[in-house]
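Think of it as A, B, C and D in the order they're written, each chain with its own count starting at 1.
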Amino acid sequence: MAFDSFAEFLAMGGHAPYVWSAWGVTALLLLATVWHARAEQRQLLKGLKRRARRANSARGNAQ
Amino acid sequence: MSLCLQARQLACERDDRWLFQGLDLEVRSGEIVRIEGPNGSGKTSLLKILSGQLSDYQGELFWNGAAMNGAREHFLANLLYLGHAPGIKSGLSPLENLAWYQALSGEGGHEEQRLEALERVGLAGFEDVPAGQLSAGQQRRVALARLTLTPRALWVLDEPFTAIDRHGVADLEKQLVAHAQAGGCVLVTTHHELTASPLLRRISLG
Amino acid sequence: MHSSSQSSETNQQVLAVPLREHKGGLMTAVKATLMRDLTLMLRRRGEVLNPLVFFALVITLFPIAISPDPELLAVIAPGLLWVAALLAALLSLDSLFRSDYDDGSLEQLLLAPQPLVALSLAKVAVHWLLTGLPLALMAPILGIILALPAGSYAVLALSLALGTASLSLIGAIGAALTVGLARGGVLLSLLVLPLYIPVLIFGAGAVQAAILGDGVSAHLAILGALLAASLMLAPWAIAASLRISING
Amino acid sequence: MWAFIHKLGSPKWFYGISAKLQPWFWAAAALLIVTGSLWGLAFAPADYQQGNSFRIIYVHVPAAFLAQSIFIAMAVSGLVFMVWKIKVADMAAAVMAPLGAAMTFVALFSGAVWGVPTWGTWWMWDARLTSMLILLFLYLGVIALRGAFTSRDSASRAASVLAMVGVINIPIIKYSVDWWYTLHQPASFTLTSRPAMPTEMWLPLVIMVLGFYSFFIALTLMRTRSEILRREANKRWVQDLVNGQVEEAR
């Protein structure tokens, strides 16, 4: 452990704004890409399923 | 010696839509083959594939029995393609335009040949006018002059009758038949109704 | 899909139009393409002059925007001249294949029984002859009004002549990629400018070295090496890009 | 070999295999990044010169590595697509580009922030940062070119060619920028070039780099799967797959 207390850890020896903003932006971007990829996949599947259901019911009506 | 262009199981997909699939065709000496189909059925794409411009297709092409990849140079040396746009530079005179086309195939050519070809398409007297000052139909005629200027066995013509007057249409049609009778081969798309001829064959798409 | 059967009698007949073997003539084709593009450009003198006027205008803007102080100008002159020349060369790139694409002669170029690589190289050569070379010749005159120190004028012209040849080659890749797009002009600069940076560094560096009295041969050698590399690689990329654009 | 390549080329096969691989890469990414972060932030010793601001290295360097690697991966995918006409390769290239641009941005941002305590300024024309900035423009160019075409086939080919041209230029750009930087020498030292780092400093860095690579692979697999669904929506196997899921839901 390079720090004696949690407060010191947060203070980063006076470099807190730099260290935390760099890490924060990185973490935010990584999480945002994951969130975006998940949302994209869900939306696609939802659209495909809706289409499949509509096609199925259309086929059902025709019979 | 005769020529033969074959396509086997040709399929073309443009952005997830099949323009055509499983197309087998064979074009031989002495034939006029008209590709038919409604707008957007892939006529131009098919001509572009058959003339070796579009490489994005499935299936195989053969030129005189040899796979197209190996025979490409020989194929291009015997091909004359006229596309939607006439390919005429408006800044150059008809003579200069034709000279470039002659040189593209590697021949120097003579001015008399070019003058003669222009005369045949009814452009005598316009040899030195910048092509930009000619009408659309006259520009098309300059392009058509290549048919006689640089004799090639295989003609691939995409809507060659566009912008041409009735007289010119009749002349061109005669020229196509004569070419096929002489053992050449014509692949053509057109909205114009071609007169029936034993040499004419239709392939319909879509 | 149907194709009616056809009697095979006609197939046996002898061709009046015999099949030809492809018999070279590459030099004829390349020379004709060079001459054609030169004639075309020289008939539209405005298009040849535009980049030169643009170059002069941009150079005029800097002293007005920064300061008329000759000492200050002398320091930044090499960079200014190089950046302005680079932008001027970029300006004319969009039209390199555009008119050929519009009037259909690009398809014909692709279907010529000659290697497209050689033919497109001829087109790029004309672009350099009528853009890069005049810019290089004009730069020393503009150097005077920027108080460029003596002794660097020849290097300025030489570095520009060498450098703009690479710029034309690299830029032609971008022009070929965007020729099928309706508004390719802005995109073209986005694609091409980052690739111009090495040429800019060594081009402007050569002029600076000449001013400082350092040897310039290293810079010019690197510019030459960049040109050799572009000459070897760019034509293939140009040809591939043209084929993509024509598929549009 | 050929059979393998063509198997890989089938989107259906790739969709199946990537579903199996994906969780492992996500797990590896999470594990490595969490470990590396804790180690780098809390346990690695502070730098004797830069103090704790040095800890920015643990995001700056992995992002910079990834930014360059993704461009190379994109160009290789482009080559595979152009040579073997394998569509999955192009789909992967398409989804890689935005992540690459994002990583380049992260590297630039963290570098700029790092510059404040080190150089006393937000931006220094440091060789590494300058190359990164140019790389960002290259990414934006590829993304813009892909978006500019109406035909997706042409867009894919054009983007592949541009990625390949870019990848040939990246080392040239890098060397010329390095050379330019040493010539002008505006700063006494660069951010990350330093004499040998002690183990407890570079080990977390290695872990972070590996974590970022796992993240890249996992995300690319995931987004390529989405891209496959998008492009193959009309194909039989996708419809069967969706139908199966619909029925399951009942």
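Note that a contact is a pair of C-beta atoms (placed from the backbone, for glycine too) under 8 Å apart; a residue touches a chain by one contact, two chains touch by 3 or more.
Only a predicted model underlies this, so the values are computations on that prediction, with no experimental measurement involved.
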Chain located farthest away, centre of subunit D as origin (C-alpha): B
Distance-to-centre winner among chains (Cα means, whole assembly as reference): C
Separation of mean Cα positions, subunit D and subunit C [Å, integer]: 32
Rounded Å distance between subunit A and subunit D, as computed from the means of their C-alpha atoms: 17
Rounded Å distance between subunit A and subunit B, as computed from the means of their C-alpha atoms: 55
Rounded Å distance, subunit A centre to subunit C centre (Cα mean): 45
Contacts with two or more other chains, residues of subunit B listed in rising order: 56
Junction residues of subunit A, two or more chains touched: none
Two or more partner chains touched - positions in subunit C: 247
Complex contacts: residues of subunit C adjacent to subunit D: 173, 177-178, 180-181, 184, 187, 190-191, 193-195, 197-198, 201-202, 205, 226, 229, 233, 237, 240-241, 244-245, 247-248
Footprint of subunit B on subunit C - complex, ascending: 1-4, 6, 8, 10-26, 28-29, 31-33, 36, 39-40, 43-44, 99, 102-105, 107-114, 119, 243, 246-247
Interface residues, subunit B side, partner subunit C - complex: 1-4, 20, 22-25, 28-31, 48, 51-56, 64, 73-74, 76-79, 81, 83-92, 96, 99-101, 103-108, 151-153, 179-180, 182-184, 199, 201-205
Residues of subunit D defined as touching subunit B within the complex: 151-153, 231, 233-234
Residue ranges of subunit D in contact with subunit C within the complex: 134, 137-138, 140-141, 144-145, 148-149, 151, 153-154, 157-158, 161-162, 164-166, 168-169, 172-173, 175-177, 179-180, 183
